[in-house]
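Below are two complexes that have chain A in common, paired first with chain B and then with chain C.
Take a look at the complex of A and B:
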């Protein structure tokens, strides 16, 4: 496998920027927890769909996480990085295991749901670190993850038609 | 001396660093130390279990806000997040343990969670962006630093492109106004009329930047060279 090109790295960087811009634009306007997962999943899947490299989504997640940490966006402090990297890794693993996922609505929705459900893990870790009551941790993590999964699936469902159009325009 | 310290830690918004004097390197180290210090403060918030400890940390954070001469107005949005988070966590605690036993621990946990991300906010709001990028350049490979710095630098251009595409599509009748987007039925318009052209434009932009960088022999040397004024 050849090394990732500068153009591809820049495109992944722009996808990370889009994730951050949409997070900034969507923040608090709906008042529903997890709605930023719509754009996060959409752009992570687009990044992996447009740049067919092993760690394309993870690189996007790393860029987004580092920039979010540097720009102070979102809750989590130093743990903000895992909020972006975990779902991105799931997207990469999903794309590796299911090479034709970008042509299928079902597979994209499935991978998006799995990736979005990692919000449960980071909420759990965060709450565990501040010694929240174990029963409450589970409820809180579930309350945070359930809407994130729904919005993540919605974002994932838009990926196959967009990839199809990008291919038909000859961009990828 | 006081002015010098203020400059080093990014207290002065006018400070840019003078090329050739070594100030930029010292500035990067100072910003790195500031980032490290604030991260330690954030980690302390994870470990603190008593209200006295939380009060101390709150005091230190407030003192830092005062030292860095930033008002509390910029925390307005964060206070909203804190209140929303407090409502959720305290409600869960009250449901589980009742009013008397649930309220205080719930509020404490929410307070603690907020203190974990306030130091990060202080860092961002009180450090000039070039200093942040420069600090990152010192710790990550030059190619990654170039991509990060370029992407951050091109945010205004991307925003302008997004705005132009957005306005054009609104005039064409796309239902992507804020009130339209409250209805999920209009979300496909957002994706196909806005996100798709923006993705295509960003791909073209990435190609143009790559061409320009290669024309300037980017990647020829192992260590990145950079114009001191950037």
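Take a look at the complex of A and C:
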């Protein structure tokens, strides 16, 4: 495999920055849990769709997670990294298993839903660490993951037209 | 910089020894002193051996089995149909192609002793090469990269501007230049770096006859000094004096030995659709009275313009680069506000929203009006906007694609086509809306002779059958002399008219 180019590295860095910026900008008190998953899934999928490397989304998630941790965004401390890296890994695995997913709305939605559902794992792990009741943990994790999946799917559905446009302009 | 006698002397660095020893008269094109430059030998600047290239995501080679040897001081000219791969060949020599399937090799250009650039390329669309916001900064950019002493830069920048006929202050903004002036600017920014080989993509497509005459002298002088040139040009008749070798790149991408053939299209020849004309009919489409439009600095681009165009008339507006042809067309389309005077289009002041569907505009840089993902979608876009049904839209798009002979490009991205092909796509998109008035800003740029004839015939037919009114801006007056009902010349901020 060839080394990652400067253009690709910059692109992944920009995607990570946009994830963080959108998280900061979208901290709206809507009372709807998981709405940041919209932009997170969108930029993770765009990163993988534009940089055809197995680890592209994971790197983006790692960048974003590390920066979020350093900037003190969220309540998880070092565990914040999991919130970014887990869905990113699912995106990478999805893109590897489904090479033409970025042309398909359905496949993008499916992968986005799967990646967003990792919110369940994040919440479950965090709640376990604070020794919550197992029944409540499951209910809480489900309540957190369900809207995240919906927002993630919405973010995923925006990816194919953007990828098509970038390809037609010769950007990727 | 130019003495009163008109003799312009400039030191030109010898591309071989890289020492400033030539004193060249750009006005006469003669090397007036060549004392110290000893050519080591007549060596190859670029040697291309069995080179083929296919763009990424395609298996078909864009250029095939290219063999080309450009020697020091030679000028080669490659012509060929629109989209045959001329620009691809230029980009391959410059090493700017994206990684794709490659065979054969390109060699011969070595690093220069003073860190000068080896190969310069001036692309067909100069806007994509402009980096700086002012003229001086744009030309000095290359010198900065070559670590030239800042104190020496103003003189060299001024000389380069003078050589290409762009006599403007350094602080003028690049954004306010016309396309032809931008082409000259990019040409100057390459000349100032003394490349060993300069590749010019369609110079006649963007430069007016006066500019080409200046270019001819500059090339002649630099050839004498040992610089080599590779021209990609559909109409090399303006540059025959300096061309040493002709090549023809065919539609399959094969480069063959060529020859110069003067081909002049006669739009009035018997049987040509251009021979018939509708002429003026009842109804005034455009009425311009005492029109003045000022530039960003407040000085008038043109003033007191008078123009009347009746329905069904063909009008051509000629003029040198930067005389205001594009501004006039933009003013008629409602994109530019008049500083003084009246402009009426279809009896009303031009407002883009109100002219939608009635006026079609083809910009000089077609990239500015292409935005869809495929050529088909691009042509279908105006029809979608007007709420055409899917079946009617499909047949109309197919008709437009076949009329403009770009049916085979329907599924291609319009952004990756050649400059000429983009013009055809933009024209098809504009015509799809069935406009009553068509404003064309140099639509022949980047098109070969047969495509130019095709466009002229197509427009003539639409003029006769549908009463289409056409206003056409162009910088080569002789290109279709006799085709128009009215011909105008824009010069020094004024318009001069005569009926053909």
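Here, the second predicted complex is superposed on the first by the 171 of 172 C-alpha atoms of A that agree within 3 Å, B and C clash if a C-alpha of one lies under 4 Å from a C-alpha of the other, contacts with A are read in each partner's own complex, and residues count from 1 in each chain.
FYI, a residue touches a chain if its C-beta (ideal position, glycine included) is under 8 Å from a C-beta of that chain, and two chains touch if they have at least 3 such contacts.
Because the structure is a prediction, the values reported are computed rather than measured.
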{"item": "Fit-or-clash call for chain B and chain C when the two complexes are aligned on chain A", "value": "fit"}
{"item": "Chain B versus chain C as contact partner of A:170, first or second or both or neither", "value": "second"}
{"item": "Superposed model, angle subtended at chain A by chain C and chain B (C-alpha, nearest 10 degrees)", "value": "100"}
{"item": "Which superposed partner A:69 touches (first chain B, second chain C, both, neither)", "value": "first"}
{"item": "Partner chain(s) touched by A:17 [first = chain B, second = chain C, both, neither]", "value": "first"}
{"item": "Superposed model, chain A: greater residue contact from chain B or chain C", "value": "B"}
{"item": "Chain B versus chain C as contact partner of A:7, first or second or both or neither", "value": "first"}
{"item": "Shortest CA-CA distance between chain B and chain C [superposed frame, angstrom]", "value": "9"}
{"item": "Overlapping contact positions on chain A, where the chain C interface meets the chain B interface", "value": "165, 169"}
{"item": "Chain C residues touching chain A - in the complex, by the definition given at the top", "value": "372-374, 413-416"}
{"item": "Touching residues on chain A, where the partner in the complex is chain C", "value": "164-165, 167-170"}
{"item": "Chain A - residues contacting chain B, complex", "value": "5-18, 21, 27-31, 33, 42, 46, 50, 63, 66-67, 69-72, 74-80, 126-127, 129-133, 135-136, 139-140, 143, 154, 158, 161-162, 165-166, 169, 171-172"}
{"item": "Complex contact set, residues of chain B against chain A", "value": "39, 42-43, 45-46, 49, 77, 80-81, 84-85, 88-89, 92-93, 96-97, 105, 109, 112-113, 116-117, 119-121, 123-125, 132, 136, 143-144, 147-148, 150-152, 154-155, 158-159, 162, 178, 182, 184, 187-188, 191-192, 195-196, 198-200, 202-203, 205-207, 209-210, 213-214, 218-219"}
